[in-house]
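Next up is a structure, given as structure tokens.
Order of writing sets the labels: A, B, C, D, E and F. Residues in every chain begin at 1.
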């Protein structure tokens, strides 16, 4: 039967023992988006064309957050990321900034949480920098798209 | 005209000067949810009834993340939170854990980012603790519900 | 002759070079206790039976502190913990909460400090959460019980 | 009836609201000790006479830990310490290093946890720096000696 | 006679008591520069004209470092910055990027260290991002230009 | 042609992928100095002869900063330092404290940034502890002296 691995037999939280896992190349890709008004998206786009600072700041925040993942998520294992990338796409039809985070490690645990954390904090940073003009923005659809490596094998999100 | 306040006249990011703002009582409430399969929600509910550990861990992660907000979000001001609360509700009809974060401060800046960060990191922690059984979970609808205090006044989300 | 390894030949503190040490499986177990009045212990026990929150919070604090060890203890090496467990036992005869911390790593340095730090911070958290009713609590007997692995070999505390 | 203030009516942990508390001058003094063999104490004393480095490192670790208290102890409020002092005394009769931590703040919450954290981390640092010669050291008797300020008034430890 | 205030009467380091200081508006401006080859400066300038990412990243790193100052500098007091700005100027004649950091607070201690830390970490970030093409860069002339507020009054660097 | 490796093809910052790099022994040595008045240098020397506290504090700050490097410098990879040493030399002819930082790792990336960060933060700490008597001090000549290991091979600073 399926089990929550972070809860031990006595029902207490613990940091799962990964000592016997093999070091493999692992990749995870997560995505999410920030829904905003057309006016806000316009400001972001115009700023972006000129200097790119809003998205540059959000990108750095996302990359740094991936490195802080084990400090933020109580039962995450510390690990030494080999690579982090955060990218953005302005989707004017949907009224959204789309965010993608991609992390790599050679290690004993996956990097799903690092990729999801990068996306979430990049989204929060976009919210912070635009909130003076639009408090109603929504951070939406933050999810894993793909993982590679590790004992449980590869996984790709099924889209209908 | 509307402006991105974190970008100065030269188009560069900066931490906005709040030196002339008054210290007022400020409150912010944010919410979000983690969508998951009925099976995962069942595991969470059963564990919750027995020991409450998954949500207890997520609650602590959210509270601690609110305190780390200025470290995570590059242009946020450091502030001394007076109170943080994170609460959960299992919504079996929607297949979701609903999360609410509530922050208070007497200070010169609002606590919207702290409340949103608490919700986001609580959601990421739920994902982390349940991901062994359900990688497809989605963090959704993270948004501000309400803010009080400060020069720009009170704000409440309009629902259609 | 015995020497303080963190002090070099010039009498200055340094982070000892572990570059030539082998990576081995290392385990450390530490323990400690918080002495408190019977009334406080009763509150803790009753809360624990209902929801477990005080000890759940202390457990998370201890696990996270193990991960922060190299940040707290100036000359500790950063390392990537494979596992952390923190457990509690209410000892009503002694008027104490007994705490045990257990850490594992495959690395070049031992995890004694991580286990001791987990116990200390779990104890401090119990103090924090109960101090409104009992300021006189005492954190006592924080010590290493056992270590395995590494060049200096295994070690077990001798009890008289 | 006495209550655990960090647990709300629903039995969940939260960061207590201190918004209505007054800012007052608050002081807390905590103490503790590290029990060690006469040989270890001798090494510490001799190093101390020469350069002071072991205790200098432990003092800095304790001061910095006081500043990290809200990050270590999940439900502690962030605060802006006005002063921190950590002092040591070699007690050769008892085979111990005695540690005292003293913290001050003008704020809405007390600094007991900051003083206790300073003592605990200073003790852990002494352990770390001496453990190559003495793994059996014990951190003992970490407790509050005195607090001043705040609504609950002054408190001094009763010694029999 | 002049004295090192961070060293107490017993010669031990401590965090100076600022409890009796008044809260005043305080400003500090620091500067520094990174000396580099003409080729490196050219790459930076061309990148800067296109997207601004190198300096955008260094700016964010400097702003965040100002907020971490009390964590980096052992005897610094934590404080709540009201504003931080980091700006750059390419000085092709001198073969340098000039950096200026400006911090403000209403508090009991000055923000000199915050401004100096912002400049230093911005400089280190520029080094990091350009080191693949130029390892010989030098971080130079990091110093305080000006401070306002506080008991010791205003201070402006004397240039010959 | 030379390129800024931290900027990808789209001109965006990213954390470079080091997954295919080999783990080798890597060493970096950096240096810098704090220029100060003869009077300040005298105070430092006299305190140093007595207790060593100013330089002891700066040494610890430098060592700890090396461990925080990936948190401070946005695109640095986290790594597990094998060794850190920070040493000082009082240069009365030049009116300076000379600082040297030396870091070692067995890893996929070099430790230049860790060594430079250790020197910078040690210098900032000296500034902090002496600033009550001398605000005009200058942090100067922070640079890499030498690196060993890694694909790009060894490098030694050329002095004219």
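Note that in this section contacts are C-beta pairs under 8 Å (C-beta built on N, C-alpha and C of every residue); 3 or more make two chains touch, one makes a residue touch a chain.
Owing to the predicted nature of the structure, the values given are computational and were not obtained by experimental measurement.
In terms of the stated touch criterion, the partners common to chain C and chain D are B, F, listed by label.
Of all residue numbers used where chain A meets chain F, under half belong to both copies. The two sides are thus made of different residues. Comparing mean CA positions across the assembly, the chain most remote from chain A is D.
With centres set at the average Cα position, the gap from chain A to chain C is 32 Å. Rounded to whole angstrom, the centroid-to-centroid distance between chain B and chain F, based on C-alpha atoms, equals 37 Å. Residues of chain C in contact with two or more other chains: 11-13, 51, 53, 56-57, 60-61, 64, 68, 71, 74-75, 79-80.
Annotation, chain-chain contacts: A-B, A-C, A-E, A-F, B-C, B-D, B-E, C-D, C-F, D-E, D-F, E-F (touch as defined at the top).
Contact residues on chain E toward chain A in their complex (touch as defined above): 51-53, 56-57, 60-61, 64. Per the touch definition, chain C reaches chain A in the complex via residues 25, 56, 59-60, 63-64, 67-68, 79-87, 104-106.
Partner chain D is touched in their complex by these residues of chain C: 2-7, 11-13, 32, 39, 43-44, 47, 50-51, 53-54, 56-57, 60-61, 64-65, 68, 71-76, 112-113, 116-117, 120-121, 123-125, 127-133, 135-144, 147, 155, 157-158.
Touching chain E in their complex are the following residues of chain B: 8, 10, 12-19, 70-71, 74-75, 77-80, 107-108.
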